[in-house]
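There are structures below to look over.
Note that chain A is present in both complexes that follow, paired respectively with chain B and with chain C.
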Partner chain A sequence: MSKPIVATTSLAGCFGCHMSILDVDERILDLFDLVEFNKSPIDDIKEFTKMCDIGIIEGGCCNSENVHVLKDFRKNCKILISLGECAIMGGLPAMRNNIPIEECLREAYLDGPSTKGHNPDGIMPNDEELPILLNKVYPCHEVVKIDYYLPGCPPRADLIWNALVALVTGDEMKLPYEVVKFD
Partner chain B sequence: MSDKVKFKIDGKECVADKGVNLVDAAKQNGIYIPTLCHLEGVKPAGSCRVCNVKINGRFMTACTTPVADGMEVENNTQDIQELRKIIVETLFVSGNHYCPACEKSGCCELQALGYKFTMLVPRFPYAFEPKEVDAESTKLFIDRNRCILCKRCVRSIKSKDGKSIFAIKGRGHNAMINIDHELAAQMTDEEATMAMDNCPVGSILKKERGYYTPIGSRKYDKEPIGSDIEESVII
Partner chain C sequence: MSSNVQSIVEKYGNNANRLMDILHDIHSEKGFVSNGEMKEIALLLNISKVDVEQTLTFYHFFSENPRGKYTIYLNNSLVAEMMGREEVAKTFEKATGTKFGTVSDDGLFGLYDTSCIGMNDQEPAAIINGIVFPRVTTYRVKELIRSFRQGHTVEDMINSYGGGQNQSELVQAMVTNNLNRRGAVIFSDYTPGEGLEKLKSLKPQDIIEEVKNSNIRGRGGAGFPTGLKWDFCSKAEGDERFVLCNADEGEPGTFKDRVILTERPSLMFEGMIIAGYAINAKLGLLYLREEYYYLKKHLEFVLSDFRQKGWLGNNILGIEGFNYDIRIQFGAGAYVCGEESALIESCEGKRGEPRNRPPFPVQVGYLNQQTIINNVESLSSVTKIIANGADWFKSMGTKESSGTKLLSISGDLKYPGTFEVEWGITINEMLEMAGATDVKAVQVGGPSGRLIGPNEFHRTICYEDLPTGGAMIVIGEGRSILDVVMNFMDFFIEESCGSCAPCRYLTVILRNKMKKIIDGKGVASDLDEIVHWGKQMKIANRCGLGQSAANPILTSIENFRHEYEAKIEKGKDFDTEFDLNSAIIESARAVGRFPEA
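So, the complex of A and B:
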């Protein structure tokens, strides 16, 4: 039987969850024995080249590109996993959800301590090449169907390891108390 | 024996002092009933509903129910634990609970209940409602994003002449916790620490304290909530 194929991506995240995948330490070698990676920052494959079994999503959706990538993952992966707090509930990027978008942009480009007085023309990024910010940051499961959730900031390496092993072997996933954390 | 009552929790024979509420009575018998608003020694409010049990077949809040002779209590059953999990999930989505950024993370009772019930994701959509932070007091922050309106602070933190330092302002959907800045200014450091510790979430925080305990050594990092009362059953 061929190896299960895994794809990963980081949407509105900090790449901390991907660092946590690497935090499985030497088991990363076993991981490469167990699965094949497709589109992922780990192997730098930019586009899907085949249908994948497992898609791992870090980060929520804060802009149009995130939504596009997430929908692409849903289309190309049989199972999608929300990895980490940002994918599950928006995380720290979602702290802007209670601030009007215009106020966020003004703070970032006009009135913030590092920009005030340095942007006399009041230029804000507005090019059709750039993704458009969404009105708020959305958890992934509010955009597409998500099959499994692995919480944590970042999710503990053992949690990621247990989940991948359970998915690949078909055994029930172990969820020890110490590894299911929201921070 | 007239000052003792006999009752059963999940079939286990229990004995407790007459008049004691069911949460404390269960504790005396080594049984943990999860709570968020209950604080031992303080008049119960029954506001969080997490301590829901079935008494003689009916749902009731354990913290507001005094034990009575012959009571048959269902506590650790699958449907009751599921109901409690739903309540915890509701609290998570109705506030703005950014655990990774919260100073109370690891010592938060709401989060600890999320862990106890293995809440991987709430089944409800997040509300993301704007709530305000009151940082005016010299010793305390009030972060309403995290407040679950349990009224623990209202009931347990009083000034020297017995006045409430905290109060709920508004009703229903508009209810929010408020602090009396004049009274709060007279609080000692110990009283401010107690206000923070009594808060089950990270809504009342002592200033100049921050992330006090390292990750790994915090209250609920390794031990599930309630494991000091009984060997915890994680469903």
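So, the complex of A and C:
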């Protein structure tokens, strides 16, 4: 039987969840025995080259590119996992959700302490090449269907490891209290 | 420091537990409590300003800002909507020139929504500067606003008096009783003092035994045996004991206590005195919802009459050492304060947030002392139990549900109002009694109860089968069950105290899912998720509000699943409703980009 194929990406996240994947330490070698990686920062494959079994998403959606990538993952992965607080709830980036986007942009480019008086033309980034910000930060499941959620900020390496092993082997997932308690 | 605030605070002995009364007094003078006044109050009570602020902002009828010379609160309960609230609301907005939730530019009118005000039998109803305006029509709205603009007072606009005590000089309310059926306990013939007379020959423990023996259970909805509660309280260790009477009936669809408070206040106060005697309390509080403020003078008159007769005060009825008095404590608009521990917090001048239980109020209650909290109807029944005996009481009703029950029936039926019936009638009989035909569903026990369909109309109203606090909302054929549920969800979102995260968030998430289904965007998995998440509400919240907030959704899916399924998109298992184009439009405009659609 061929190995299950895994893809990962980081959207509006800090890459901390990916660092936590690496935190499985020497088990990363076992992981490569168990699964094959496709599109992922881990092997630096930029585009999907085949249909994948598991897609792991870090971060929520804060701009149009995040949405395109997420939809691409949904199309190319049989199972999608929201990994960590930002993917599940929006996380820190979602703190802007109570502030109108125009106010955010003004604060960043016109009225902020480092920009006030230095941007006389009042220019805000508007190149066609740039992704467009969304009106708010969306958790992944508000954009596409998400099959599983692994909580944490970041989720513990053991939680990620247990989840992947369970998915690949079909065994029940081990969820000891230590890997899901946060206080 | 303004002498006014100072004198008000001093009137309540600079006691922080009387913060509700202090805020009420300032409010009734000028309609809001300013930031400066909050600071003054805090200083005088020796608490922090934020303590004052959090109490003030918790309650619906308190405000930090002026709410207009004429402050209009229009009820938005389900039955109000069924009876044409929408048109009335639009007319209010047009006539006053302001939107709901705001004050008109000239400062004349403040327009606000409010949760059920206990007038479901005469909707749509509004409260304007504390005066209840039942059965409001669009015509009446125009007349009211026109007259207010001409300088008439709100009192000028009282154009009729409801029957019974509503027309007494002390009430003069337009509210009608709609007491459609008198029964053998609450609304039977009654001479004030007939329960108290028995105290002379009974010891406190005898009273408790008699109440226990009557098998009476709490009429507020939870159904806890009243005698047992009193027994626990009287045996708990402590210095002081209190009797609280819960007159906060905020469950949408219930208004039976309003009729007791209007027509039989003595019966209730007697029950409070009997309770005080039984558990050896010195003070009883009647926690009255602000919506019933119009009954204040009427109730206070009864209390002063009791004092004159020697039924309150020292050595009551000549019983040596039986010293007891009753005071009215007003709420200020918060459904959750009907929950007993939240009610205690409110009586202590705090936000109405439920406490963790145990310890129960009988152990640690008002001012951390031993406290019993009983419903208006329970205490009124007790008076009759003591007057006529437990055996008499038990001869009515069913085995586990003795006596009578007041039902507040409203909605799509001929005779909305209060009905006193013996426990044990079926829903079918109830509908026939109240003149309801072509009934699609009945909401038993208000939003926190169960929504049942005709296949359950054979069931019996009693603790053994279908328990209820008395709210019965009749929903006729032709109404959408989903609209009914949406109204209830909005209610729970508005009234959640916000203490438990699932109650604070999940109610909103569930409402949004409902909205999605109503808009025809729902898919099958939405329904599964609603059921799955709704069940979490029961286990993850502290009080009855949070635990039952998903009941309307869950019981309606259980009994009317077809109405949901009819709205659900076929052949699609997932739809988040996310639309990229509308999500980027705002920021694209802000930076001056115009992406292709």
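Note that the second predicted complex is superposed on the first by the 180 of 183 C-alpha atoms of A that agree within 3 Å, B and C clash if a C-alpha of one lies under 4 Å from a C-alpha of the other, contacts with A are read in each partner's own complex, and residues count from 1 in each chain.
To be clear about the criterion, contacts are C-beta pairs under 8 Å (C-beta built on N, C-alpha and C of every residue); 3 or more make two chains touch, one makes a residue touch a chain.
Being a predicted model, the structure only gives us computed values, none of them experimental.
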Is this a clash or a fit when chain B and chain C both end up on chain A? clash
Which of chain B and chain C A:Val67 touches, first, second, both or neither: second
Between chain B and chain C, pick out the one touching the greater number of residues of chain A. B
First (chain B), second (chain C), both or neither: which does A:Ile88 touch? first
Between chain B (first) and chain C (second), which, if any, makes contact with A:Pro125: first, second, both or neither? second
First (chain B), second (chain C), both or neither touched by A:Tyr177: first
Quick one: is A:Asn135 in contact with chain B, with chain C, with both, or with neither? Answer first, second, both or neither. second
Return first, second, both or neither, reflecting whether A:Val144 touches chain B, chain C, both chains, or no partner chain. second
Of the two partner chains, chain B (first) and chain C (second), which one does A:Gly55 touch, if any: first, second, both, or neither? neither
Have a look at where A:Glu102 lands relative to chain B and chain C in the superposition and call it first, second, both or neither. second
Any idea which of 38-46, 110-118, 128-136 or 218-226 of chain B is the one running into chain C? 38-46
Enumerate the residues of chain A that count as touching chain B in its complex and touching chain C in the other. 136, 141-142
Partner chain A, residues of chain B touching it in the complex: 96, 98-102, 105-106, 111, 114-115, 118, 120-122, 125-126, 128-131, 215, 221-222, 224, 234
Inside the complex, what are the residues of chain A that reach chain C? 64, 67, 100-102, 105, 124-126, 128, 132-136, 138, 141-145
Contact footprint of chain A on chain C as seen in their complex: 525, 573-574, 576, 578, 580, 582-593, 595
Touch list for chain A against partner chain B, complex: 82, 85, 88-92, 94-95, 97-98, 136, 139, 141-142, 146, 148-151, 153, 175, 177-178, 180-183
